[in-house]
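Structure in structure tokens, see below.
Going in written order, the chains are labelled A, B, C and D, and every chain counts its residues from 1.
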Amino acid sequence: MSSYVVYVVGAGLLLVVGVHGALTARHLVRLILALNVMSGGVFLALIAISARGAGSAAGPDPVPQALVLTGIVVAVSITAFVLALARRIHALSGRTSLSEEDLE
Amino acid sequence: MTAGLLFDIALVVGLTIIAFRAIHAPDLFVGAVLYIVFGLLLALVWVRLNAPDLALAEAAIGAGITGAMLLDAVRQVGSPARRAPVLTRIGRVAPWAGAVGLGAVAAGALVTLEDRGGTLGEMVRGRVAESGVDHPVTAVLLVFRGYDTWLEVGVLLVAAIAVLGVRRTRVLVPSEPSSEAPPIATAAAGVLLPAGVLIGGFLLWTGSHAPGGAFQAAAVLAAMGILVSLLGRPPLASLSALRLRLLLVCGFTTFLAAGVVGLLVEDAFLRYPAAAAGWIITVIELAVTVSIAASLVLLFAGGRDRAADEAAG
Amino acid sequence: MIVTMVLLPFLGGCLAFLLRRTAPFVAVLGAASVAATAAMLAVGVWRSGPRIYAIGGWGAPIGIELVADGLSAIMLLTSAVVVLAVSVYSIGYHEHDDSDAWHPGEGFWPLALILWGALNVLFLSADVFNLYVALELMTLAAVGLVVLSGGEAALMAAMRYALAAFAASMMYLLGVAILYGAYGRLDLDGLATVVSPEPAAFVAAALIGGALLLKTALFPLHFWLPRAHAAAPAPVSALLSSLVVTGSFYLFLRLWTGVFSTIAVPAAGQFVGALGAGAILWGSLQALRQQHLKVMIAYSTVAQVGYLFLPIPLLTSAATTPDGALLWGIDAWNGGIYHAISHALAKAAMFLAAGTIVHALGSDRIVGISGIARQLPITTYAFGIAGMTLIGLPPSGGFVAKWLLLSAAFASGQWWWAVVILAGGVLTAGYIFLVLGQELSLAGTDQPVELSKVPRSMEYAAFSLAVASLLLGLRVIEPIALLQAGLPFVEGG
Amino acid sequence: MEWTFWMAPGLLAVSFVTALLIFPLDEEQVRLRTALNLGGATLKLILVGVMAWGILTGHEFEARLSFVGELELVLRLDYLSLLFIVLSAILWFLTTVYAVGYLEQSPHRSRFFGFFSLCVTATMGIALAGNLVTFFVFYELLTVVTYPLVVHRGTGEALEGGRVYLLYTLTGGTVLLLGIAWLHSLTGPVEFVTGGQLADLAVERPATLRLIFLLIVGGLGVKAAIFPLHGWLPIAMVAPAPVSALLHAVAVVKAGAFGIVRVIFDVYGIEVADGLGLLAPLSLAAAVTILYGSVRALAQDDLKRLLAFSTVSQISYVALGVSLLGPVATAGGLVHLLHQGMMKVTLFFCAGILSETLGIHRVSEMRGVGRRMPLTMAAFTVAGFGMIGVPPVAGFISKWYLGLGALEAGQEWVVPLLALSGALNATYFLPIIGAAWFRSPEADWAEFDGPETDWMLLFPALATALLSLAAGVMAGLPFSPLWLTSFAVTEIHGP
């Protein structure tokens, strides 16, 4: 077993936790957390791939690293926007979830 | 089994558990704090996996800024959603089944991947010299795949415009009267801010040949800005609408302008003339840093704009 | 020339953001010039085949390439035309927004232009990760536009849309990660040559395909679409329903016939086709039940998205049958794309027309629009002509698409798709004429309702798009010939 | 390109351009609109005259336009087309005159006449279509542009009528398209060629061809109002009188009947259709419809509904004629396309005059109306006699040829059918005519001086009544409908 396998399985585990959270969570903040965990899993997969060839003298593959950097910025943009949206929804209606009957 | 591998396994297990607890913590505030821990652990993973650029970015953006936003949001919308209905067995099992199915298939595919070599990465390493920068990640980001990065700066810009749209405002409004900020915090900010700018500047400068660069620098700057705005004085609040917009847009447009220079001089969009490549890249990075930092501060402070919430609520 | 079609919209978006008073001029001018450029590109591609443009001069696989083939050119042209009309319309729509307070137009112009830029990036890009960034840019701009309505319904709809799209993006990116892990490259053409039937490729294809189906809102993954498209301001609804949906479909088609062509199995094609059939029937039936005009049109989009995916099973079986490509593959390809562009024009026209009605009446309840034909004849014609295209009545672009798909379905022996296509047409006629009947009705209109004044430009913008969708049915040779440039599955195509 | 290329598209363009010019006109621009309408109709008559002369002197009119792939849009004049365009051009001119008078005060006249002209365009396209796809394009176009005319009044009843009309015709169109697309997948583009081009396929796949025939004729049968697909026709009666006249005499119903004629003679070919055993069921369906329509008409009091059921019955003579083998029966069926058009248009003109001038909508209100409106009722009487088949009105000629043709084809059962149908027609027309002339009026119609109604209404009714009479009396002379038909019959059956 190599560390590649460990981290790739870790990526799978984060996906499980994230997807399960996205399917079950009701509170908007929890949904956002779950999606961010999912993205963490995806990034982990990419970086595990990047480090796979690390045995060679050249070092890790820079391309996935660049992709993940882009991905992190995209993720924070979406997270920020969605959080602002959630706060606006809460301010307007007191809702904190997407379900119809969940008026507080 | 080596110690390193054991550490990796422990890290992965810890990540998974903390992620689960973060999502399902009864108290959302705890959830947000756990998410920050998750981000820091992930940064550790990036270090383990030889990705120091990412570790910096993750710590600053993933854990730091996202965490701050979450914590701040939870303060407002933290009241738990009405108790979840009691789920049937299918209702409980189905999400697990779906999630495990997806995770297992993905992990399975990843585990069985053959390392065939001959990747893009090797090619990039071979041609870094042509790019005008020394650090391969920066070369990919700003030169070989500069198009992606340009668009990604666009994503941030769009997020900023969209948040202004959500708030239905043109400028940042201070959320609380500035006089209420505790003097110690103000003093702390007085020290931290210059330090932050300094660190940011260093990261930006070092990015061309070592880990670091525009994103990390911007994240550090933004973190400072966020700290200040937590004191009730968002650093951009004094700006006029036009200046705020200029700040937000300058990274994207500078990048675009550099691309057009390439188009005019070298007949290829985003091709930097060899003689001036270093300079052009520096200018791009500078502008991008300013814009990203401004956008992140806006995304944070624009979202928290409480006065509007109370007025609307 | 190719890259200007990306630059101009973004440049316009920045200008519109910085100097908001110039926004309408920037938008109209930009759309007109890009439309002209796209037309020139289309002629060029038609005459001398697909063009490749290497960003930064690096070339694939190390750099990112733009590829303009017939499909790209026709999509670019269609979106430029739609954006042009929507811009003209929006000048009137945002007319009263000249006050000093913040107004939705401020968000609309920059976001709409950047959305369009992202679409153009999408139509040209030949790199799976670059496509991911383009998708994100497009989605975020789209959600930001939905929010501009400001109401609680719009915010909730935007939230649902954003979360669904974010989840889909992650699936897409996971697929990209697996592809990179397996093949070490990201360029579409290169990947197409190395992807082979093996577990990793299948998983990547399923993840990417699923993500795009969610983004295209194919039944039963359409849950986020109707509310978002209905709650958005009318010009935004038009852009979303006509272009954004088409954009993610475009990518699905591009990947299915390109990168994944060697692993697309007939069963998967049949599955996607069955979802399309489900979308047609379910979406149309839902549209028939709606009492609000914009919700009805949004459900119509759910149904029409189904048609977009009917060529998939035909293309898949064509690729695995000797001579299949010639016998029905080309027809399926042409029919699917023809439907996409006809629908884009017609649906934009229809949402704009609906927006005009809402603008005038202040409500979009279908029972309330009785007799509107008297006050807004041009809008009524626009709605009617766009409806003809959606139903697929001759002579409209929709009919041409329907005919090509029918031919392909019969030629491949998969006659069941023909039955679905035709049944969907009848259902579509049901809800279109329900509305048209109300518009033409004079019952209960003895005291005409007070209408707000509607700028003529709004009416004519919708009308022009509707007429354009009709003209597609009269002048077919050139668009079809253009689509043959760079056909993915025919040798030397 | 030759002038012969441009004639057929030009014929379509005349009414299309007229429509485009009329749509943007203001309601009040009555003169300009009327001038455009009549100008267009006159120009069309002239063009049709030129084309008729041209085809009789051996010119060929054909225009082709590449459409999709190998498909072409083809407009071509043959003798069958000639029958239809002559009928359309003449009746259109008269209906336009009538409609101008009829709609004098009603709202949305620009919209009405715009769609009216589009309707002509579509009908001309159907007549001149040279292949199945072209036919279908115009056939569906006709459905769409007729809808605003049917719901023109905008009442709840009108909308309901429009809804039913669309439900039937669009479903029919869909079935038709299914059949056409299927046939295309087997043969490639299907040109209209006398004798058809399916002989080989009929040997290979007879069952498929039978099914396709069922789909195509079933789809066409909706517009041709063949029982049990006729349900829309009586309900669509809510349309204004000129529209009803148009629907029944020239446009929609005729399009369906004409389509059936085309499919039998020019797609399948009469021998192949007979060989596949398709004609006998069709003639049976036609026979059932003839009787059904007449029986239902008996029970109607609403005049326009009565006329509608009469149409259901009469139009099936065409299908009957073409489904009996032999030139004489063909002549009877085809000539009835023209004869029924002239007679039915007269009846609807008269019904419109009665309702507009005196507010009469029901048969029971027509007592003594002949004294108040002698000219109108004279026209009505001529057309009614024609429907019954009384010599020398045109309808007699149709029935005579149909009967002779049936005997020639060995289908003796048709003769009693014709007699029975004639008797039924007499049972509902004669009492109306009798009551109108010989009973004393109950209503107190205002005294009148001058013409009994607007000349714009009366002139077209008289003209079509005279035409119906002339077509019968002078059937044997050149330029009569029968004479025109004889060319088509020769084309189909050989000299």
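Here, contacts are C-beta pairs under 8 Å (C-beta built on N, C-alpha and C of every residue); 3 or more make two chains touch, one makes a residue touch a chain.
The model shown is predicted, which means the values in this text are computed figures rather than measured ones.
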* Which chain's mean C-alpha position is nearest the mean C-alpha position of the whole protein set? -> C
* Asked: Could you state the distance in Å from the CA-based centre of chain A to that of chain C?
  -> 28
* Using mean CA coordinates as chain centres, what's the chain C-chain D distance in Å? -> 42
* Per the centroid of Cα atoms for each chain, what is the distance between chain B and chain D, given in Å? -> 73
* **Distance from chain B to chain A - Cα centre to Cα centre, in angstrom** => 12
* Contacts with 2+ other chains: residues of chain D -> none
* Asked: Residues of chain A touching 2+ other chains?
  -> 15, 18, 28, 32, 41, 45, 49, 52, 63-64, 67, 70, 74, 77-78, 81, 85-86, 88, 92
* **Set of chain B residues in contact with two or more other chains** => 106, 108, 110, 113, 117, 119-121, 124, 145, 148, 152, 155, 158-159, 162, 166
* According to the definition of touch, which chains form touching pairs? -> A-B, A-C, B-C, C-D
* Structure fact -> Note: in the complex, chain B contacts chain A through residues 1, 4-5, 8-9, 11-12, 15-16, 19-20, 22-24, 28, 31-32, 35, 38, 42, 45-46, 48-51, 53-54, 57-58, 61-62, 65-66, 69-70, 73-74, 76-82, 84, 94-96, 98-100, 102-104, 106-108, 110-111, 113, 115, 117, 119-122, 124-125, 136-137, 139-141, 145, 148-149, 152, 155-156, 158-159, 162-163, 166-167, 215, 292, 295-296, 299-300, 302-304, 308-310, 312-313
* **Sites on chain B touched by chain C in the complex** => 105-106, 108-110, 112-114, 116-121, 123-124, 127, 143-148, 151-152, 154-155, 157-159, 161-162, 164-166, 168-170, 242, 245-246, 248-249, 252-253, 256, 259-260, 262-263, 266-272
* Structure fact -> chain A residues touching chain C in their complex are 15, 18, 22, 28, 31-32, 35, 38-39, 41-42, 45-46, 49, 52, 63-64, 67, 70-71, 74, 77-78, 81-82, 85-86, 88-89, 92-93, 95, 98
* Structure fact -> So, in the complex, the side of chain A touching chain B is made of residues 1-3, 5-21, 23-30, 32-34, 36-37, 40-41, 43-45, 47-54, 58-70, 72-81, 83-88, 90-92, 94, 96-97, 102, 104
* Write out the stretch or stretches of chain D touching chain C in their complex. => 66-69, 71, 107-108, 111, 133, 136-138, 140-141, 143-144, 147-148, 151, 153-156, 159, 162-163, 166, 170-171, 174, 177-178, 181-182, 184-185
